[in-house]
Amino acid sequence: MLHIVNKSPFDRNSLQSCLRLAQPNDAILMYEDGIYAAFKGTVIENDIQTTLSKCKMYVLKPDFEARGMNEGNVIPGIQSVSYSEFVDLTVQYSPVQAWL
Amino acid sequence: MEESGAIKKFMYLNRKAPYGTIYALESLEVVLIGAAFDQEVSLAFVDDGVYQLKKDQKTTVNSGIGMKDFSKTYRALEDYDIDKLYVEKRSMEARGLREEDFIVPVQIIDSAQLSALMAQQDVILSF
Amino acid sequence: MKFGILVNEGPYQHQASDSAYHFTKAALEKGHEIFRVFFYHDGVNNGTRLTVPPQDDRNVINRWSELAKQYNLDLVVCIAAAQRRGILDENEAKRQGKDAYNLADGFRISGLGQLIEAGIQSDRLIVFGD
Amino acid sequence: MKFGILVNEGPYQHQASDSAYHFTKAALEKGHEIFRVFFYHDGVNNGTRLTVPPQDDRNVINRWSELAKQYNLDLVVCIAAAQRRGILDENEAKRQGKDAYNLADGFRISGLGQLIEAGIQSDRLIVFGD
Amino acid sequence: MLHIVNKSPFDRNSLQSCLRLAQPNDAILMYEDGIYAAFKGTVIENDIQTTLSKCKMYVLKPDFEARGMNEGNVIPGIQSVSYSEFVDLTVQYSPVQAWL
Amino acid sequence: MEESGAIKKFMYLNRKAPYGTIYALESLEVVLIGAAFDQEVSLAFVDDGVYQLKKDQKTTVNSGIGMKDFSKTYRALEDYDIDKLYVEKRSMEARGLREEDFIVPVQIIDSAQLSALMAQQDVILSF
C-alpha cells in the first residue's frame, strides 16, 4: 500500500497518523507541504529514521526544490522522485491512501 | 446498477470533525450515492473523524451555528446495508470519548486492525 | 493502467489542483489511461471559465481544459457541490432560473455516481485535496 | 465600537464565513458599527450570485446580501483575489472580455487598500479563516 | 489581548502555538473546531488546566452544542459564551489574534 | 495616503508554508499594498511561516511545480521601508533552519519577545 502525505508534519497530524497506521513494507510519499518531513535537523527526524527501518520513503523533488530544499539535505534512505516516478509508485502499490 | 465485474472494496476514511469544514457532510453524501452500486463498503473514523459520530449534535438552519444537524443520517446507513462502521480506539480515547458517545453502533478497533483493513481495500476515499 | 483522479480543492488557494494536474499529465505521458477526473468539494471551482489570473501566473483552469482537449479527458464537476458553490452550465442555469453560467470549456456537470464509477472502473483512484 | 471583518474562506467548505456572519450580526444587534466586511483569498467566493444550496440548508450568500441591505453594510471583494478565482462584476467582465459575470447583490469589488483602510479606521479587525 | 482559536488541537498546531505565545492575563476563545480543546478527558486536558492558571478561557456555546458537547463536560474554569459575548470579548481585549 | 490620525501598528503574522496554500503569497500582496499607507508595519514568521523566507526556492510557471517563485519579493520590502522582519527562534530551530538559510536579513527573537511585540499591536493580520 502507498501512503501519500501532503501536509507539513509541524502543522497537521497527517504524517503522524500515517506513521501510526503504515504497515511494514508499505511505501510513503511526501509531496506538497509534506516534503518538510524529509529533511535533516528537524524535531521529527528521529520518527522518520524509525520509519525508514520498516517502510520505503519517497519525497517529490519539484515540491522540495520549490520550497528551497535540496537533495543534499534529504535524510539518507529517503528517495527523491519526479512526478513520473510518483505515477510509477501508484502503479506499484495498491491501494493509495491520501492523508489529507 | 453499474455493469458487473468483481465486487470492489471501498473504504471511506473520515478524519475531519463535522461543521468546521464540509468534508464530513459531503463524504456522507458520497456514501449514500455509492450505496446504489454493488460494492463492499466500509467506513472508518479516525482522528477528528470520530467526532462525526458524537451523539446529541444540536444545530439547525435557524438556531445554533445556522447549519442543519446531519448526524442522524448516519443512522440511515443501516437501511442501505452499510453496517461496517469502524472507529479507531486510539483516536476515540485521545479525545475522551467512549463507545456510548456514538449515535450509531460501531466496531471499536485498534490501530493494527485498522491498518490491516486498509490494506485489503481496492479504493480508499479519504476525507 | 487506468486511473481515476479526485480533486477536492479549488484553484490557487491550495496546491491540490496543481498536483493533480501534474500527476495526470505525467500518467498520460507514460501511456496510462485517465478514466475520469472528478471535481468534488471546492474542487468544483476548477470548472469556472471566469478566472483572470495574473499574466505571470499559471492558468489552472485553461491548463485542465487544454489537457482535456489533447487527451480527450473526461472532466466531471459534481452537480451537488457545484450548486452549493455557484458553478453552473447553461442547462443548470436555466433550470435554476439564473441569468448567467460559468462552466469552463472541457468540463461537464454530473452526479456523484460518476465518482463511484471512477472508483470501480479504474485500477487506482488517487485523491488530491487539503 | 467600530469593527472591520476579514473573511478568508469561501462559503460551505469552511465555517469561516458562517462564523463571520454570526459575529457581524451579533455586533450590529448590540449597536456596534461594522466599518467594512472584506473578502479575501477564497473568501471572494462568498460574492457569487450563482449558488443554489439545498433547500434545507442556509444560503450563505443571500444571508450576507440581506444583512448588507438591512444595515447598509459595505461588503468588499478583493479584486486581485477575485480575478484569480472567477468572481467578476459587470464592469470587470467587460474589461476582461468575459461574456458573463457573477457578483451577488450587495457586494462590490475593490482593491486591497480597502482592507488596510478597514484596519486603520476600525477599532478592531477580526479575521475569520481556515 | 484576545486569542481566538478555531482549529482542533488534535488536527493542527494552532492551539499549541497560541498557548506558547499567550501572556498572563490574555484571554483565549475557542470556537468552531477549536471547541474540542475545552472538554474533560482528552489528552490535552492538562495543558488547558495549566493555561487556566494564567489566562482566561472561553468556549463558544453554539459551536460546542452543534458538535454534541455539553456544558457539563466543559473543563471547570472555562466559561461558555454566546456570539454576543464573543463580541464583548473583542471589545474588552485588544488586539485580537486569530490562530487560523 | 489615507486621512491622517494616530499611526497604527500593523503586524502581519505568517504561520503557513509557501506554495501548498496561497496564504503566503497573498499575505505578501497585502503587505505591499499596505506599504502605501502611513502605518508602522512589522512581519512575524512563526511556525511553518518561517519556510516562506527559505533561500534557493526554485520553481517557475513552466518548470518545477508550475508556480512562480515569489520569494524574491521579500527582498523588495526594504525599498518600501519595511524592515521589521521577525522570526521566532523556536519555530526556526524545530525545523532545522538557521539564520543564514533566510533570503533576507531578519531578527531572530524568542517566544517571549514575540508575545510582547504582539501585545503592542493595534492590528494583527494573521495568515
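As written, the chains take the letters A, B, C, D, E and F, and residue 1 is the first residue of each chain.
Please note the rule applied: a residue touches a chain if its C-beta (ideal position, glycine included) is under 8 Å from a C-beta of that chain, and two chains touch if they have at least 3 such contacts.
Here the structure is a predicted model, which means the values were calculated and not measured.
Undergrad: Can you list every chain that touches subunit B and also touches subunit C?
TA: Expected: A, D.
Undergrad: Which is the least count of steps on a path of touching chains running from subunit B to subunit D?
TA: The least step count works out to 1.
Undergrad: Determine, using the mean of C-alpha atoms as each chain's centre, which chain is farthest from subunit F.
TA: Most remote chain from subunit F, centroid-wise, comes out as B.
Undergrad: Between E-F and D-E, which chain pair is linked by the larger number of C-beta contacts?
TA: The greater number of contacts lies at D-E.
Undergrad: Tell me which chain's centre, taken as the mean of its C-alpha atoms, is farthest from subunit C.
TA: E
Undergrad: What's the distance between the Cα centroids of subunit D and subunit F, rounded to whole Å?
TA: Between these chains, centre-to-centre, one finds 25 Å.
Undergrad: In angstrom, rounded to a whole number, how far apart do the mean CA points of subunit A and subunit E lie?
TA: About 33 Å separates the centre of subunit A from that of subunit E.
Undergrad: Centre to centre, by mean C-alpha position, how many angstrom separate subunit A and subunit F?
TA: Here subunit A and subunit F have centroids separated by 27 Å.
Undergrad: Two-or-more-chain contact residues of subunit F, please, as numbers and ranges.
TA: Residues 19-22, 47, 65, 67, 122-123, 126-127.
Undergrad: Residues of subunit A touching 2+ other chains?
TA: Where subunit A meets two or more other chains at a single residue, that happens at 6, 10-11, 13, 32-33, 62, 94-96, 98, 100.
Undergrad: Give the residues of subunit C that touch two or more other chains, as numbers and ranges in rising order.
TA: 8, 12-13, 15, 19, 22, 41, 57, 80, 125, 127, 129-130
Undergrad: What topology does the chain contact graph adopt: line, ring, star, complete, or other?
TA: other
Undergrad: If you go through all the chains, which pairs of them touch?
TA: Listed in label order, the chain pairs in contact are A-B, A-C, A-E, A-F, B-C, B-D, B-E, C-D, C-F, D-E, D-F, E-F.
Undergrad: Can you tell me which positions in subunit B touch subunit E when the two form their complex?
TA: Going through subunit B, the ones touching subunit E are 16-21, 47-48, 51, 54-59, 64-65, 67, 69, 71, 94-97, 101.
Undergrad: If we count contacts the way the header does, which residues on subunit C are in touch with subunit B in the complex?
TA: Residues in contact with subunit B: 6, 8, 40-41, 80-81, 111-113, 115-117, 119-120, 125, 127, 129.
Undergrad: Show which residues of subunit D lie in contact with subunit E when the two form their complex.
TA: 1, 3, 8, 15-16, 19, 22-23, 25-27, 29-30, 32, 123-130
Undergrad: Which residues, counting only subunit A, touch subunit B once they are in their complex?
TA: Those in contact with subunit B are residues 1, 13, 17, 20-23, 26, 94-100.
Undergrad: Can you check the complex and tell me which residues of subunit C touch subunit F?
TA: Against subunit F, the touching part of subunit C is residues 12-15, 18-19, 21-22, 56-58, 130.
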